[in-house]
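Per-chain residue numbering starts at 1, and chain names A, B, C and D are given in the order in which the chains are listed.
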Amino acid sequence: MTLSIAILGSSGYAGGELIRLVDGHPDFEIEYLGAHSSAGRTLSSVHPHLGGGERVLGVNEPGEVPDVDLAFLALPHGASSGPAMALLSRGIRVVDLGSDFRLDTPDRYLEAYGVDHPYPDELGNWVYGLPERHRSEISGTDRVASPGCYPTSTILPLAPLLAAGLVRSTGIIVDSMSGVSGAGRGVQAGLQFGAVDESAKAYKVLEHRHQPEMERALDLASADPVQLVFTPHLVPMQRGILTTIYAPAREGTSLDDLVGALEDAYRDEPFVSIVDRSPETRWVVGSNRALISVHLDERTGTAVLICAIDNLVKGAAGQAVQAANLMMGLDETAGLPMEGWMP
Amino acid sequence: MTLSIAILGSSGYAGGELIRLVDGHPDFEIEYLGAHSSAGRTLSSVHPHLGGGERVLGVNEPGEVPDVDLAFLALPHGASSGPAMALLSRGIRVVDLGSDFRLDTPDRYLEAYGVDHPYPDELGNWVYGLPERHRSEISGTDRVASPGCYPTSTILPLAPLLAAGLVRSTGIIVDSMSGVSGAGRGVQAGLQFGAVDESAKAYKVLEHRHQPEMERALDLASADPVQLVFTPHLVPMQRGILTTIYAPAREGTSLDDLVGALEDAYRDEPFVSIVDRSPETRWVVGSNRALISVHLDERTGTAVLICAIDNLVKGAAGQAVQAANLMMGLDETAGLPMEGWMP
Amino acid sequence: MTLSIAILGSSGYAGGELIRLVDGHPDFEIEYLGAHSSAGRTLSSVHPHLGGGERVLGVNEPGEVPDVDLAFLALPHGASSGPAMALLSRGIRVVDLGSDFRLDTPDRYLEAYGVDHPYPDELGNWVYGLPERHRSEISGTDRVASPGCYPTSTILPLAPLLAAGLVRSTGIIVDSMSGVSGAGRGVQAGLQFGAVDESAKAYKVLEHRHQPEMERALDLASADPVQLVFTPHLVPMQRGILTTIYAPAREGTSLDDLVGALEDAYRDEPFVSIVDRSPETRWVVGSNRALISVHLDERTGTAVLICAIDNLVKGAAGQAVQAANLMMGLDETAGLPMEGWMP
Amino acid sequence: MTLSIAILGSSGYAGGELIRLVDGHPDFEIEYLGAHSSAGRTLSSVHPHLGGGERVLGVNEPGEVPDVDLAFLALPHGASSGPAMALLSRGIRVVDLGSDFRLDTPDRYLEAYGVDHPYPDELGNWVYGLPERHRSEISGTDRVASPGCYPTSTILPLAPLLAAGLVRSTGIIVDSMSGVSGAGRGVQAGLQFGAVDESAKAYKVLEHRHQPEMERALDLASADPVQLVFTPHLVPMQRGILTTIYAPAREGTSLDDLVGALEDAYRDEPFVSIVDRSPETRWVVGSNRALISVHLDERTGTAVLICAIDNLVKGAAGQAVQAANLMMGLDETAGLPMEGWMP
């Protein structure tokens, strides 16, 4: 049985990666591709690396979407709630790669984004689409808010340690570096080759919108409310996130405890592995895997966690497909790359 | 029916790409992986981006290779002729990604490499494995010499024009630039990040061993002997070859003639496309496709051809798998990526 | 004696490099910086790498420029002729880094740019600012058209060989690759990191406006009119041009003849060196040097010339300062970097 | 008055940068260049970007060094103490860019490096060469241990806040990313272009030898012993360090307090600036400047400090020259670049 798929926002990097994964998926078939300024163009002119280049992009309007089984929304922040509600009302399942439904309460949303949510009653209805933490809820819903790339690389390592009470829920530092594709495909002076190549920088210091998302998701694992400081950095590469986390270990926590809690959490997970040397992003680029190493500084009592993912796969399109597989009752790994590319 | 595969030289870049493609191939299964200095190590320590990391690499000795259906050899120049002959004598088909059997006569080999070929009588028995030019011979043989990356990007655009008599066979300039993976994975001062990043250079000027291979293969298409000047360049990227060719057009040749000859040659080819703007290597990275554009400078009577491939896929592992598919009577496209990745 | 300098177009890459060189020049002092959309901003916000960041940029209007000794114009094509004439009429010397005055006749200009020149009578009055070829004319003029980056890397190697009659004036191929800064600092989709990094491409195939400039300048050296085919390529690096030239050698020309002609031409030149291995762009980045190697393919009778420069220094700002030094009667090397940086 | 200079270890990246700076220094002149495996080669073959390429490198033996005024040692760890003592005994001033004399006690050295120091009594005699913190000691000594690149980027932002009692001395996290030149010029598999490009990684997690150096230097500023966790990362660029520091603010500390303490410390410093947006490494590459931004997360009481330097200039060769200027009684800024290059 082939399931029909629509993708809105298909001209961006996450959209292109969704097309690539869905085209290679054994049970999915693209029936509609929507775009904003690229509507009316052929796929080959927008994503020359993809096959089926003669396909023409439609608009990002839900009314134009045919009666598909599931729609992926890869739209800018704030643009997906309307289309999502319209598609759901027609019985179309929705996986939203944007941030519109990632927070759980109107208050948290207001604090994070500075505006009221247009559908405040809806926030509680959406499932946070991290399969390794919320598999059963995802399997039973028709609406998934797919996690952000930075939060994925933070929640996967931290949640099991918080759940096991091995680290404190406050005093946590999350320091991430990302390739440029995480900033999207929009044309900006700060993303020109001459501005990015051979340089590193922090950005949105103390104001990144991913911090509330991280805390909300980690609160689900932690007995006490989680408080963390998050700094994203841009480094000159296309793909990949490397997140280094510093969490105060509770008295008596050993390195074996930390490794054990992570191994227990992910032993049966196809896409998450605990590795015994600190991972490099090139080991996961192109794949849906997350690699995690854990270290303990006994002198200061600090657990150091390092996580590598591909921001466009496990951090975006791959994770969305993984959730869609669950929603449709398919093998969770269907169509998802285990092997990346290197170099 | 699953066919069993051995790969010798599996620790290099081409070897890793072969593993990736064979692992994803519907009809092939790896039964043996050989390596030189990495023998005894696990796959995950050699190619951390690949799955099945617990597989252990064996040695590059043909005597250790089990009775597989086909062996890919990705060995250094000069190292494959011995193992190839040993495997063939046991009835194992061989696709050699190296250059040992790419030239057709002992004289040409001696001229190109400065030494006598160890199996001079064998040279005429091997098929040059460019499926778009030699499909039927590949289908009927058990021994294929897979083309080099630079020659692939040169022969595909030039051969149809020479065959149609639209360009002269002398006075041809081939100017190529390659990503660094083309130089292999060996550790060299000239391949350190500090020596490659942010720099471009020509190398082996007028002495590159790929020129005789190009001329030999083009002679098969041309009425007159082909003579060309080839300059390879190294540019700071991992994958991809862009080759720009300048060939004197014969009197009366029009741009339509050039486009027509190429379209005729490749209309039904799954992996070669004629495009109407000059191609970029990022359009093909990760895929087995070759993209070609053609231009005519009427003022000087010069045909300009531009070809983009991924040196590790269509220029190495993908092309070898394509030939193996033909040798085994499979769908020629089985297991081969049409879609690359970008960015 | 300190000479006062104005720079119009100071917010771009060439403008920034001019500021850097003039700030470090023993005899020059910046008195005015003009800009277009960045007018009114501080230098530190436009070029954070430069000192004196509190300087405020003015407009690109000649009427606002004080009575300086010399003005550098680093303006977009077509924008410099008006300001140049206005400044000259006030007795201010002008070095134009743009292409408005690089061609010598209205006809050649019309053919190259498709429009009539606004000051056709002026074209013959400007000196082409390549000191190694036109030193005395530069010393005696108040108006210099500074060469483009690609032409500089082409004329320096070719002109002496044409002048000595060692290579033919037709059938010449010029194949160049450039870092991204050559395309300027304007924000474009094609210059985003995601579009440039890890990719190579040709652009403006057979339509690049630098070809007529090359032919015009080479005609001055050659007994017969020069005809060449030029293809520029973009490679993923910031600075540097590597040009590979193929020129048919005249009967009887030896490699010694070629080396000798180049050595004779540049023996006393501080910024041009003939090197015995093909040069890499990283050897010249940051410096005003040009490195040239020459090779002869005796089989086909083809001279191969390779030239490396920094497109922003010898290809733009450095060359302009070199000309200005001559115009002002200073030591030609004053303020010009002999040493680049690496890595 | 020209002072004569020797450089041992001149073939590496720091050595090359020292040559570049000393060649451009108004009062210094190189009299001897030593190298290890490159001894006997010309400078142009080792550092093709430098002028005076006909200079021949000698050996790294102090006995071969003529009677110069000052010697810079850019030798591997453990290799400089012997030559340093030999040169000092001849009355030659020494600036050691290595780590042999950066720690103050034999115990601290033993703990950091696992071996006894060969000259334990000497450790207390050397001055830690960070001019902004130890100017007067540097001016009065003949032996300076020049700080490491990571420590420089950590001590400059942190020391004034610790000295002012605005942040706690424990619970500090130092998270750094460095360009590849920081790892030196030695040929290693992990530094090949294919291993570094398009990837990010942490390395030497919890075992980096720079942490004791940081703590030792910060102890000099702090009332209480400093304890920090340091993680270095490698990102795909040549030069530049970006360090992000998280320090618990003491009760009642405001952002104004933090900014004020830093402004007070560096107001008159030519090479250190407090900036009001988080700095990018490309703003300082090629210059001797350090840029610092400071932020306060009031919710968690965390001060966030970001510092950008060029690891080869302010983090190595530039800082060494700055100290040498002080030792010789020269203008501290002589020969040191304020302006870097971009792009």
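Throughout what follows, a contact is a pair of C-beta atoms (placed from the backbone, for glycine too) under 8 Å apart; a residue touches a chain by one contact, two chains touch by 3 or more.
Quick caveat, the model's predicted, so the values are computed rather than measured.
Colleague: Can you tell me which chain lies farthest from chain C, using the average of the Cα atoms as each chain's centre?
Modeller: Centre of mass proxy via C-alpha means gives A as farthest from chain C.
Colleague: Is the contact between copies chain B and chain C built from the same residues on both sides or from different ones, judged by whether over half of the numbers are shared?
Modeller: Mostly the same residues.
Colleague: Counting in whole Å, what is the centre-to-centre distance of chain A and chain C, each centre being its mean C-alpha position?
Modeller: Distance between chain centres, rounded to whole Å: 47 Å.
Colleague: Express in whole angstrom the distance between the two chain centres, defined as the mean CA positions of chain B and chain C.
Modeller: Here the centre of chain C sits 38 Å away from the centre of chain B.
Colleague: Roughly how many whole angstrom separate the Cα centroids of chain A and chain B?
Modeller: From the centre of chain A to the centre of chain B is 37 Å.
Colleague: Would you please write down the residue numbers of chain A that are in contact with two or more other chains?
Modeller: 13, 180-181, 194-195, 197-198, 236-239, 280, 282, 285, 343, in rising order.
Colleague: For the complex, which residues does chain D have touching chain B?
Modeller: For this pair, the touching residues of chain D are 13, 180-181, 185, 187-189, 191-198, 236-238.
Colleague: For chain B, which residues are in contact with chain C within the complex?
Modeller: Interface residues on the chain B side: 170-171, 173, 175, 177, 179, 194-195, 197-203, 205-206, 227-229, 231, 233, 235-240, 242, 244, 246, 278-282, 285, 293, 295-297, 299-300, 302, 304, 306, 308, 342-343.
Colleague: Quick one: which bits of chain A touch chain B in the complex? Just the residue numbers, please.
Modeller: Per the stated touch rule, the residues are 13, 16-17, 20, 23-24, 47-51, 180-181, 198, 238-239, 280, 282-287, 338-343.
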